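Here it is, the structure, as structure tokens.
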Amino acid sequence: MDPGDAILRDGRDLRAVVCELCRRLHRAGWASGTGGGISIRDGDRAYVAPSGVHKELIAPEDLFAIDLEGRVLERPIDPALTTSACTSLFLHAYRLRDAGAVIHSHSIHAMLATAITTGSEFRISRLEMIKGIAGHGWSDELVVPILENVAHERDLAPALADAIRAYPATHAVLVRRHGVYVWGRDWRAAKAHAEVYDYVFQAAVELHRLSR
Amino acid sequence: MDPGDAILRDGRDLRAVVCELCRRLHRAGWASGTGGGISIRDGDRAYVAPSGVHKELIAPEDLFAIDLEGRVLERPIDPALTTSACTSLFLHAYRLRDAGAVIHSHSIHAMLATAITTGSEFRISRLEMIKGIAGHGWSDELVVPILENVAHERDLAPALADAIRAYPATHAVLVRRHGVYVWGRDWRAAKAHAEVYDYVFQAAVELHRLSR
Amino acid sequence: MDPGDAILRDGRDLRAVVCELCRRLHRAGWASGTGGGISIRDGDRAYVAPSGVHKELIAPEDLFAIDLEGRVLERPIDPALTTSACTSLFLHAYRLRDAGAVIHSHSIHAMLATAITTGSEFRISRLEMIKGIAGHGWSDELVVPILENVAHERDLAPALADAIRAYPATHAVLVRRHGVYVWGRDWRAAKAHAEVYDYVFQAAVELHRLSR
Amino acid sequence: MDPGDAILRDGRDLRAVVCELCRRLHRAGWASGTGGGISIRDGDRAYVAPSGVHKELIAPEDLFAIDLEGRVLERPIDPALTTSACTSLFLHAYRLRDAGAVIHSHSIHAMLATAITTGSEFRISRLEMIKGIAGHGWSDELVVPILENVAHERDLAPALADAIRAYPATHAVLVRRHGVYVWGRDWRAAKAHAEVYDYVFQAAVELHRLSR
């Protein structure tokens, strides 16, 4: 088992898990440039990656620890680092859904899924993979709200909170021509959800192409 | 040779082989979320992965050993783990075909191949890769039965058994908008078959697109 | 530098180079199942992989050494292994072109390039990557002969020899709905050619789609 | 953290960084065959890879060090190696933009982006990833000049210099049916820019397909 797999299998060193998941986000094309991100909650605190850095290269000492109001509890040694621009969005999933982790992906599949969908809801049904989202069967309709993108990521936070409240069954919120926020009750569920939603978005785009 | 390749090259530690193949299933996109799976038979017993876990992170001590009636002979230390929902499907391939291993893939190529096919049979011919399926030449028609998906994976078992009996030349059964079950006389043959069928499904989808 | 990169960088242990290139062939999707292959020549002998095995798992002791008439000089310890079905095709590139290595790929891009081309020649021009094929400028027309596929790989050999003689500027021969044979003056040139041809075939398929 | 990640995280050994980034260029499909390249500047000198070699296999001792007029300060031990054909193009980005690194990619996404664009400018707007290019917001129009390709890479240099002067906001120049040159204030910015532009080119091609 390679060292990264071993970190995830053990799963108790949450700072190390954040870093390993960031490496996988980048490898999957979900965090190109310095985009995308992840946060993991540990009780009433959460770890977040810094903003504007290469996500596949971060180490545990680069992370911020914050409380669930967003106050910084611990900061990286490097004083130039600032918390991820997604932090306020992560907090909504923690507070409104009791999520244990949130993944923000810039996957091209998520982006294209919003481009083929008019209106504010992505909908799909009858895919086995939908069973991978908590609370859903394969023939249930999977509904993901789509927010319109804005200039500053932090300004998405109120709309994200509204969508989380309006769609109690969702574990993800899409952002038009931008990407997706996905969460779960712990980081394992968030990782599984992120993989399943990505598959579903890709499937939707391919099925859309084949149907034209 | 990396440690994973060495496990497969040696090939005698079947518990380790199950884990290494699970890692490759995940890397290939065939086991996103906690989907997909594999079982390897060792005489009158078989190893199966647990249900609902990240397939790329399992270790030999997580596996169940079952007999060919599905009775558990050995269970993981972790009492929370349950056998894969595919277990009864794997058993049909063992009992009806004397298979040595079965791979269940959620590959998007397999899923799309069922989406472009109306009716209950996927058919293709004149692809060199078809020679990679035991008993087939390149210009033979490769026929793969397609089952309609159902709510619970275990409820697919009777239809799978019927399809295995009705299509004696097949080494795979597709499930609509779900994925595919592939087997072979041993795990090496099952792995090769799984790669060949996946190529063929991708080729069929691409050729379909180019022909429209 | 990882061990595989170090083997290629040094490049003198040709048996180890064959094995490392086989691993990369498989990773690239050019040797799914047990398809594809490679041979490297060392003066008046050549190394070839065995037939019907998982190409990413072979080790130096699995290789055959043959002379340029195809006579076996050294064989693997495992008596069950037989020489690759491509051997007679590899020999034509050695004898007619003084090639130093030949790569046989089942890349889906090569296969699709033959599917969008009617007639016996693949032609493309005005791609910078064409400069990567010895003797070609970017605006030269790259012409690759296409053979019709046959039931047994060895029966392709006479047509391959004819194509090699008829197209003195080519370093590759395509086979319809099958794949491609690519060579170069040594294994480094064959590897570079194989990557360039694969890019060109993919580009041709994508440009064809975009032009419709 | 694997050794390649550790080299980039530390980031101070620029010769090692050039080699590690070349490996990643190749893995991403941006340097197939012996194409693509990278240069990193260190004050008034710059490191460049040799021409016509497998970019994923180079080592620090293979690099040239040049001054910003292109004069060779240090050369590899191997006397057969010559400087990359892109060297004069890299120098324009250093001198006209004070870039700290330049990446030349043969990515098929960049090539296809030039194929779907008539005229001499690639334009796109309203993609979150555009924020990843210095000086741009998500709804700003990202404009990348496109040069027509020429027979010899060095003959692109005057047109590249003109484009750099004519488009002061760009950090990239495309070359028709060839690829892209991307730079940044240091190698980290150049790497991030290269990943973002590649995402944007892929997105443009996919959105073009979906809109037809």
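Letters A, B, C and D name the chains as they come in the text, with residue numbers starting at 1 for each one.
Keep in mind that, in the parts below, a contact is a pair of C-beta atoms (placed from the backbone, for glycine too) under 8 Å apart; a residue touches a chain by one contact, two chains touch by 3 or more.
Remember, predicted model here, so these are calculated numbers, not experimental data.
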| item | value |
| --- | --- |
| Same vs different contact residues, chain A with chain D, by half of numbers used | different |
| Farthest chain relative to chain B (centres taken as mean CA coordinates) | D |
| Chain A-chain C separation of Cα centroids, rounded to whole Å | 42 |
| Interchain centroid distance [CA atoms averaged], chain A/chain B, Å | 30 |
| Numbers and ranges of chain D residues touching at least 2 other chains | 209 |
| Interchain contacts, given as pairs of chains that touch | A-B, A-D, B-C, C-D |
| List of chain B residues in touch with chain C within their complex | 1, 5, 8-9, 126-129, 132, 137-139, 188, 191-193, 195-196, 198-199, 202-203, 206-207, 209-210 |
| Interface residues, chain C side, partner chain B - complex | 23, 29, 32-35, 54, 56-57, 59, 106, 108, 111-112, 115-116, 149, 151, 175, 177-179, 205, 208-209 |
